[in-house]
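As written, the chain order gives the labels A, B and C, with residue 1 at the start of each chain.
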Amino acid sequence: MARKQTMDHTQLLVLSLLAGEDMYGYQMIVELARRSDHTFEMKEGTLYPVLHGLERSGAVEAYEQEAPTGRVRKYYHLTRRGAAFLKEEARAWQTYSGAVNAVLRACPALDPA
Amino acid sequence: MTRSTYIQAVFSRLKRLTRREREAIRRELDGHMEDHFEALRELGYDETEAEERTLAAMGDPAEVGRALDRQYPFRWLIVKWAAQGLTVLLVLVLLSGWWDVLGNLACYARARLWPATIANVEWLARQSGRELELVQDMDREFRLGTATCRVWQIGLEHPSEQAMAEKGGMTYVAVSCWEDKPWAEPQGSVEVYSTAGVKSTRSMGGSWGMAWEIPVTFGDTLRVCWYDELAHQYETLLTVELPWEESP
Amino acid sequence: MKTKRPKLPMPRRRLALLWLLVPCLLLLAAYVTDVYCFTPDQVQRMEEKRRLLEPMEIIWQADAPWEQEVPALIRLTANDRAVGFSEYDFRWWYGGWQGYMSVAPRENGRPFTAGYIWQRRQLEEREVPEEMASLWEGYHTSLTEEFVYVYGCVESPEVAELVVEFEPSEFLLAPQPSQTVRLTAADWIIGTDGTAYFVCPLGPTRTARSIVCYVTAYGADGGELGTRSVTGMGHWLE
């Protein structure tokens, strides 16, 4: 159960990164660290099972292209199905986090005052 | 551990990969580590330290390998192999039939567009050592079952009454046939008679086209007939007027 | 100059489904072009077209008793021009369903239409009586068993009974029993237009030589309406 949670969580992050532009694996790691201010620093190798899983389910498509560094990299592109999946998951996540926040707000021990 | 031993360690957990999948994963992981390595080098790390940090950031290769393996389900590989096997089997089983189909398509095109390549009156006349004074193209179609037949060429040895009276002569007619379905061979056999009931003395061609040589007298017309095997008789499908030259 | 890289592999599921599509398309093309016959009806239509007899109605069908190894059937079909008797069998490696239809032209002016068809099965050595085994070497290709069918339809409402007389010649010098079958209204197979059809199985009989078979029609009063020899060049006995 715990693993599934983290997998979904990584999937969501990856999909949201790809919503902006097509990226390759290393670029995603760097971008994720930058955007989350180094909160999400995953083991880099574990990104690929997630990406390949998303490719398998049709949420992303892969193609090879020369990166700005001059090397050929495998880029991932968000498909229509992936975008719909992202939208749905993001909404679920917001509901979830909103609920957690509501519970936390009601906790007297955490009252900042 | 180096980059390539890391990748080897990942692969040791991946059970059944095709060569192409293996190569793509290798390129991707290696590219990732290369990028990370170069970034660290630019930050001023020496080679050994940069490589160590790169590999440490990648995480446990066994865990990466296990997680990747789950994304390559064997059952779809089996389905693909089965489909490929079935394709090969089908091609072998159906090959000879399709060879015929290709031949039929070619004959269909010839019968419709270049009927002269199947049978024409000049070839037939030459076979009997005769000269044709008049060769005329025409376009008279009739149906035979699901096939269309077209009388497309007529040849007369002597079109004038005088020559016919003196020497007699032959008339030649060429017909091409094609089925509604271009890949099918036309069925049913056609014969040509003169109005006097004289049968052709020579013919050439096949299912897609025939030419006949029929002895005639001046003023005759031709009857294109079909042999009805049930009624044991010929049925006239078309009467063809011949281009006789009227005497002045 | 760029070096050519191998293309990225497609996800396995998509690749497998695409490959599954290939045999499906091949089968569809084979069906459309009649290269492979998936049903006996497909051969039937081809046979009808070949004889310019389209369309025919299926009157009756049964399993072919001489074929045990592959699916095979015999079938009576008819239209207003002819009655057809066909034998089709299925060999997956050889174009699917294959077969042949023989036809008896309808004889509207006669009491009945009748056709005759036989299917020959080669006998195996153990099926030949022991005392005849010495003949096996020299004659085995002519040692056969024949499944015979007389089929047709009743053309005149006066016909109350058809008598099929079947006289095979000897087999390995042993005379074979003749057979007489009486067909009455209970045996008719009625088509959608009300025409009465019949199928009369005879044999299997072992014969190395010719078979003679006659069909005679009788009226309700027992009067003879006509006899036709259906074997060889079929003809009416006047």
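Definition applied: contacts are C-beta pairs under 8 Å (C-beta built on N, C-alpha and C of every residue); 3 or more make two chains touch, one makes a residue touch a chain.
These numbers come from a predicted model, not from an experiment.
Peer 1: Could you draw the chains as nodes, link the ones that touch, and say if you get a line, ring, star, complete or other?
Peer 2: complete
Peer 1: Quick check: more C-beta contact pairs at B-C or at A-C?
Peer 2: So, comparing the two chain pairs, more contacts are at B-C.
Peer 1: Find the geometric centre of each of chain A and chain B from their Cα atoms only, then give the gap between the two centres in Å, rounded to an integer.
Peer 2: 51
Peer 1: Using mean C-alpha positions as chain centres, tell me how far chain B is from chain C in Å, no decimals.
Peer 2: Computed value for the inter-centroid distance: 33 Å.
Peer 1: Rounded to a whole Å, what is the gap between the Cα centroids of chain A and chain C?
Peer 2: So the centroids are 69 Å from each other.
Peer 1: Counting only residues that touch at least two other chains, what does the list for chain C look like?
Peer 2: 8, 12-13
Peer 1: By the touch rule stated above, which residues of chain A touch at least two different other chains?
Peer 2: Touching at least two other chains: 56, 72, 74.
Peer 1: At least two other chains touched by the same residue of chain B: list those residues.
Peer 2: If we look for residues of chain B contacting two or more partner chains, we find 24, 72.
Peer 1: Using the touch definition from the top, list the residues of chain C that touch chain B in their complex.
Peer 2: 6-9, 12-13, 15-17, 19-20, 22-23, 26-27, 30, 33-36, 49-54, 81-82, 92-93, 95, 103, 105-106
Peer 1: Inside the complex, what are the residues of chain C that reach chain A?
Peer 2: Going by the criterion above, the answer is residues 5, 8, 11-14.
Peer 1: Hey, which residues of chain B end up touching chain A in the complex?
Peer 2: 10, 24-25, 27-29, 31-32, 34-36, 38-39, 57-61, 63-64, 67-68, 70-72
Peer 1: Which chain A residues qualify as touching chain C in the complex?
Peer 2: Checking each residue of chain A against chain C gives 55-56, 58, 62-64, 72, 74.
Peer 1: Using the touch rule from the top, collect the residues of chain B that touch chain C in their complex.
Peer 2: These residues of chain B touch chain C: 18, 20-21, 23-24, 72-73, 76-77, 79-80, 83-84, 86-87, 90-91, 93-94, 97-98, 100-101, 144-146, 181, 183-184, 187-188, 229-232.
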